[in-house]
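One structure, as structure tokens, below. Some questions next.
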Amino acid sequence: ADDTIKIGFNIPLTGEIPKVGEESKFAGQMLMNEVNAKGGVDVGGKKYKLEFIYEDNESKAESAVAVSLKLIERDQVLAIVGPNSSKQAIPAGQVANDNKTPMISPWSTNPDTTKDRPWVFRAAFIDPFQGPIAVDFAIKTFKAQKAAVLYALSNDYSKNLAEIFQADFNKKKGAGAVVAFESYGDKDQDFSAQLTKIVAAKPDIIFLPNNYNEVALIVKQAHDLGWKGPFMGADAWGNSELMTLCGDDCKGHYFTTHYAAAGAKGETKEFIDKYQKLYGYQPADVAALTWDAINVVLAGIQNAGKLTGNVRKDREAIRNGISAIKEVKGITGNMKFDEQGDPIKCAVVVKINDAGEFEFAESVCP
Amino acid sequence: MKKYSVPALLTTFALCTVVAAYFEIIDLYVQTIIMFIGVNIILSSSFNIINGYMGEFACGHAGFMAVGAYVTSILNVMFFTSSKTFGDPIFSPELALWFFPVTMIIGGVAAAITGLLVAIPSFKTRDDYLAIITLAANFIIVSLFINMDSLGGARGFMGMKQIVFAMEDVAFLPWMLIWTFVFTYFVVFLIRRFVSSTYGKGIIAIHQDEIAAEIMSVNTNKMKLVAFMFSSGLAGIAGGLFAHILGYINPNSFNILKSTECLVMVYLGGMGSLSGSIIAAILFTLLIEMLRFIIPAADTLIHLIPLVPDTFHLSQVLKWVIIPLILVILMQFRPEGIMGNRELSDFFPKLKKYYEFK
Amino acid sequence: MLLEIKNLYVKYGNIEALHGISFTVDKGEIVTLIGANGAGKTTTLHAITRVPPPEGSKVSGGDILYNGKSLLNVPAHSIVADYNIALAPEGRHIFGNLTVEENLKLATYSRGAEDESLKKDYERVYALFPKMSERRHQRSETLSGGEQQMLSVSRAIMTSCNFILLDEPSMGLSPLLMYDMFRVLKQLNEEGMTILLIEQNANLALKFAHRGYVLDTGEIVASGTASELLSNPDVKKAYLGG
Amino acid sequence: MALLKIEGLSQMFGGLTAVSDFKTEFQGNELMGLIGPNGAGKTTVFNIVSGFYKPTQGQIIFKDRAINGLKPHKVTGMGVARTFQNIRLWHDMSLLDNILISQHYNLGYNLFDLFTRNKRYIENEKRMKHIAMQLLEQLDLIQFIDERPKNLPYGIQRKIEIARALSVKPSLLLLDEPAAGLNSSDIQDLIKLIRWIHKEFDIAIWMIEHQMAVVMSLCSWIQVIDFGKTIAQGTPEEIQSNPAVIKAYLGDDKI
Amino acid sequence: MLDSIIQNLFNALQWGSFYSLIALGYTLVYGVLRLINFAHGDIFMVGAYIAYFIAIFLFKGSLSLSGGLTLALVIPLTMILTAMFGVTLERIAYRPLRRKGANRLYVVITALMCGLILENGNLAFLGASRKSFPELIDKVVYNFGMISMTNLKIGVIISSIIVYFILNAIISKTKIGMAMRAISYDKFAIPLMGIPIDTIIVFTFILGSSLAGLAGILFAMSYPILDPFMGAIIGWKAFIAAVVGGIGDIKGAFVGGFLLGIVEILVVAVFPSTFRDLIAFSILLIILVIKPTGLFGVAKSTKI
């Protein structure tokens, strides 16, 4: 109808990372229900109801493309939120850009997703920013002279971050300071060989830019192999499930991320509590980032001033609106966008405390 | 009449689709689905050469697809676009249109050569050992691309969209749609010629009794070589198309899961039935897309019944329960696939008036 | 009457292979079924033993009575295990990946623990076919054609049968062995074994059997004692090669 | 020049000597028999000659060329065709295809011709089809041309195997127990068929058979082997009365 | 250096044990039906989940039994339930196809589909959250110099060896084992020996699936994070291991499993880990090229 704002979600509800898709979807539902309960969004004096369409990209590149086109052509959405992984976000971003539809990926960290694509934005900070924060923190807190990295070879997020960490650490501590740089394959469950190598290299810290489920296994196995030192991780650790899976083994370690759930204040805390109440578990960063991504789109609409009902014109207005954003207050921090469509926002380092909560340690802003 | 009716029909269909796409009568979504159907037809019918006609159980088709996809993409990106990997274009971008078929064929040839990787071990091994060799080859190829950092590694490789734009600059037409039609027809045409010749039937003889084939003068090693290279070469062509339709490729798109889809299409259609492969590819692709619409519709429908609680929803996850379930049930009724090893004309003898399978 | 086939119809899909045949076998008899290729002899034996051939045949009418009880609803394995009817099938069907000895051992699956009678049976088989004991530990798929045939027959004997169905047991056997085998079958018969024999070599079969039936395209066209059939001019012309 | 000359042929399987020091010779187009007890090594000899086994020792000269070690399809291409003890037809293809495919040794076109379907392709396909049709016509099998062998009676299948072997245009035809499983009247037909083939195609035929009626009435020369060794050879009359053969093979036909 | 090699050998033995246990299940079913039971990896997954639910019920639930007692109950219960599960699968999905005389590859595809149904059905009904398997026994880490071992790892390795010997005895010595081997060669003649074919097949699935169940428990204890797709890749790889050993052969599967484990781990230990799959699979490929029937597979000597 005329008085709705349609936004499409291109998310992995099935396939390799269904949990990520689920959280994105829940964040979307929560936001939509909230806004619609208040009567909708006020744009140029007119109330619009939100209508979200969730499509499954099966965590596959080709499906992500098909989904984008379906949302753009069939559903005539004004903007697309997603996809989450770069593997899908890169081709889907191309589609959105070609078809002049604003797209914002909550989670993708690969620079190519937004590069030279005026219509594509993202809500997460990119890896070249996050990596050095981890390096600095490791050097400062653990007096690390030597570091080891274990990353997922076929996961471009993990690989990217691992390489950035390696380069930065070597830059700061001299070539060869990363004493072990190991990888593992898709859906691996045993890391003992890599960890044996790492432990034998005697690093001061092990950097694990990996998904939370793998982190739990790696940490446990490292302990089995006699490792007693610290670990550091990145935003992919930030999932409520980390602690149920990892238990005591993960306590006392640090990771960089977008927000700290424990000790969160204000809107962030509100979001977490609401989500927990509705869906029974603490939201991960992807939920928070999706929430922010939607808000970025809504802010773009506000900036546009009014909606004409002509989809093409409205899409253009929204795109211009997003790039003109001065600053949005997000639950993962305040952000504005650079000319590539990447956010400029702060990162936090989180400590997993003895209660198993994600506790704020420090904040780093660009 | 008999000779031209089917080509005429197919050409008309392709032309209508292209014209409709040009005038935006069918939208990009539908076009993409049509293109995916084309790619899947190439995949399943080429896979059928090995798994159907020759009766071997290979399961690494996606690996060869990857080779074709990468080779074609690299060549095109290197020749016709400026990229950070390869620098400035070597040739003028307008030439992309004319050289596209050439690079596609080169991709196919590269894939065919990779096919040697499985063809040569296949001389000595049969059925399930071959399954492993192909499976391992699939793992190896994917792993190789993941390790090639210069090609993006796990981050994938892109820039193929520029090629499509370059073609559109020459003439604004839905080029990928056109190429998909051209190559799909071409591939089916080649396969049909192959399996209906006495030469090609040698692989069917190998299927039914390899020893008898060898002793009755069929050079089984050569036939296997030809069959594997032919099949993997065509998979390479499918890969090239796939890469340019998507504009982006990633090694993980060609893992075992993709090979599994190829397997499903072949056996769904029927071993050794070309029309079966085509029908199965169409059905399979459509089924996946249809469920996008059916599941939400069914969800709305069941919520009309007051008994279903509001919190219960049919989720998209069910898609990958429903699709295999449909196949399992189908197998129970047609344990030889949709077409068995027969062709359309065997089911509808009247069709023979209009075309013959030769 | 041990076995009574009553008006038996068998179909392969829609094709009817047996059009209502009836015959009987008495305890202790040797009965032979002769007939041209494709007459339905094998089909009859398969129907009795309830083994479905890979393509599947169906009894569509009539009955098979064994000691007055119908066999039609008895599962195939129990024909051997409980009714003690064994079949040496056409095409041998030995287990090529097992050794000769294992093949024989498997045939005793439904027999109880190792006892005297079992030992006697092994000895009898090895005495009958010395080749079998020579090749005891050879993988049976590498046996020569005739050796495989011996194995198939030996295996049938090793089941606890007292009624044995033989489908062309002499196929591929050298003349010497063929005579040997018939000699031993005769001996088995004298010890109380009932035999239903299918043989292409009708001359030989009729010399060996007490009674015979002539099957032609799914129907019984002649029957009688062996000597009656041997002298029947029609039978002579059609099946005895002169 | 001899058509086929085998000398000192031996074949071992593990510790088992299946064939030992076997020799024979075909001058032109004889019709010879190879008999012997089960497991004597007859089929093994055929397997070696047709290239399926590589002999442990020995020489096989066919048309003045050593063929031991050649691949089976090469040997067949040179003119040695065979049938199998257990029928091995391509059961799920039409009879015509069965006869066509066995002409692979002489396709006369390559893949390029195939894909472009040029004149060479069309003419060669026509030629092969012609040969097949002629052969089926001659052997009176033409009415089964579109049938699949598995649906045909056993006797016909045996005949098809012979037809398929003939389509190779062999100069030496190996028949491994062609009469096995046939009944008495079929056997009479088979004897006529083989005799006719021998005359009509003017080829050498080498036959393994246990049915003495067949061997004795067809073969001009018979070789008897036992445990891989030749124990006798001669004309049918000589063989039938040879005590060693009677003891090892023929027996005294009393039941 | 020597330390790491020994450490890695132990790692490899543990990891290989899982491949072995799963490969044994593959080989059993394959050896009997010539069916590549692609759902086997997922039956293993189901086994792990069954173990999880039983363990949670007994350990964390109102009963709160001790860890050791829970484990003692979990092992037989899981094996029984997983076996029942495998048999049910055979009943409803494979047997009808077999009865209809379908080409065996269609049964293989059906198995592949059943695997997908299990994975995604699990996802749909249990949700996307991963499950964390409770620690039933206290982990003890033994250190010998630089080498670390845990009691669990030793247990896993020993279990898989015991299982192999039991299985081997069943297959090569008993009549039922002989019947299992015979079926793969000629199904037709089985009933003629008085052997109920379906019983043997069911028995095979019971054996294979209960092994998968056992592997599931041990795996869940060693890698205590369960997700619906946990059986997929390890299943494929175990299948490869089974074939490299010589499929259909118990010893082959056992050795093949350990071989794959050792190759995977040693490749990482020696080469850059990025090349693991590449090198490991190339090695396997080369083994198959040299020995086309696998390490222990008997060349099917075709006799014509």
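Per-chain residue numbering starts at 1, and chain names A, B, C, D and E are given in the order in which the chains are listed.
To be clear about the criterion, a contact is a pair of C-beta atoms (placed from the backbone, for glycine too) under 8 Å apart; a residue touches a chain by one contact, two chains touch by 3 or more.
In this text the structure is predicted, and so the values were computed from the model without any measurement.
S.K.: Out of curiosity, which chains are bumping into both chain B and chain C?
M.R.: A chain counts here if it touches both chain B and chain C, which gives D, E.
S.K.: Supply the minimal count of touching-chain steps required to go from chain C to chain D.
M.R.: Minimal hop count between chain C and chain D: 1.
S.K.: Which two chains have the most C-beta pairs in contact?
M.R.: After counting contacts between each pair of chains, the winner is B-E.
S.K.: Look at all chain centres (mean of CA atoms) and spot the one farthest from the centre of chain B.
M.R.: Checked the centroid distances; the maximum from chain B is C.
S.K.: I'd like the Å distance between the centres of chain B and chain E, where a centre is the mean of that chain's Cα atoms.
M.R.: Result: the chain centres lie 32 Å from each other.
S.K.: Just the number, please: Cα centre separation of chain A and chain E in whole Å.
M.R.: Their C-alpha centroids are separated by 36 Å.
S.K.: Using the average of all C-alpha atoms in each chain as its centre, how far is it in Å between chain B and chain D?
M.R.: About 44 Å, centre to centre.
S.K.: Can you give the whole-Å distance between the Cα centres of chain D and chain E?
M.R.: Result: the chain centres lie 48 Å from each other.
S.K.: Counting only residues that touch at least two other chains, what does the list for chain A look like?
M.R.: Each of 14, 18, 153, 185-186 in chain A touches at least two other chains.
S.K.: Chain D: which residues touch two or more other chains?
M.R.: In chain D, the residues touching two or more other chains are 43, 52, 84-86, 88.
S.K.: Specify, in ascending order, the residues of chain B that touch 2 or more different other chains.
M.R.: 143, 146-147, 211, 215, 315, 317, 319-320
S.K.: Could you list each pair of chains that touch one another?
M.R.: Applying the touch criterion to every chain pair yields A-B, A-E, B-D, B-E, C-D, C-E, D-E.
S.K.: Using the touch rule from the top, collect the residues of chain B that touch chain D in their complex.
M.R.: For this pair, the touching residues of chain B are 190, 193-194, 197-202, 204-205, 208-209, 211-221, 226, 341.
S.K.: In the complex of these two chains, what residues of chain E are touching chain D?
M.R.: Touching chain D: residues 304 of chain E.
S.K.: Could you pull out which chain D residues touch chain C in their complex?
M.R.: Contacts found on chain D: 13, 35-41, 43, 85-86, 153-155, 177, 180-188, 210, 212-213, 248-255.
S.K.: With touch defined as at the start, can you tell me which chain E residues reach chain C in the complex?
M.R.: Residues of chain E touching chain C: 101, 175, 178-179, 181-182, 184-186, 188-197, 298, 300-301, 303.
S.K.: Where on chain A is chain E touching in the complex?
M.R.: Going through chain A, the ones touching chain E are 14, 16, 18-19, 21-22, 153, 182-190, 192-194, 196-197, 200, 213, 216-217, 220, 223-226, 241, 244-245, 247, 281.
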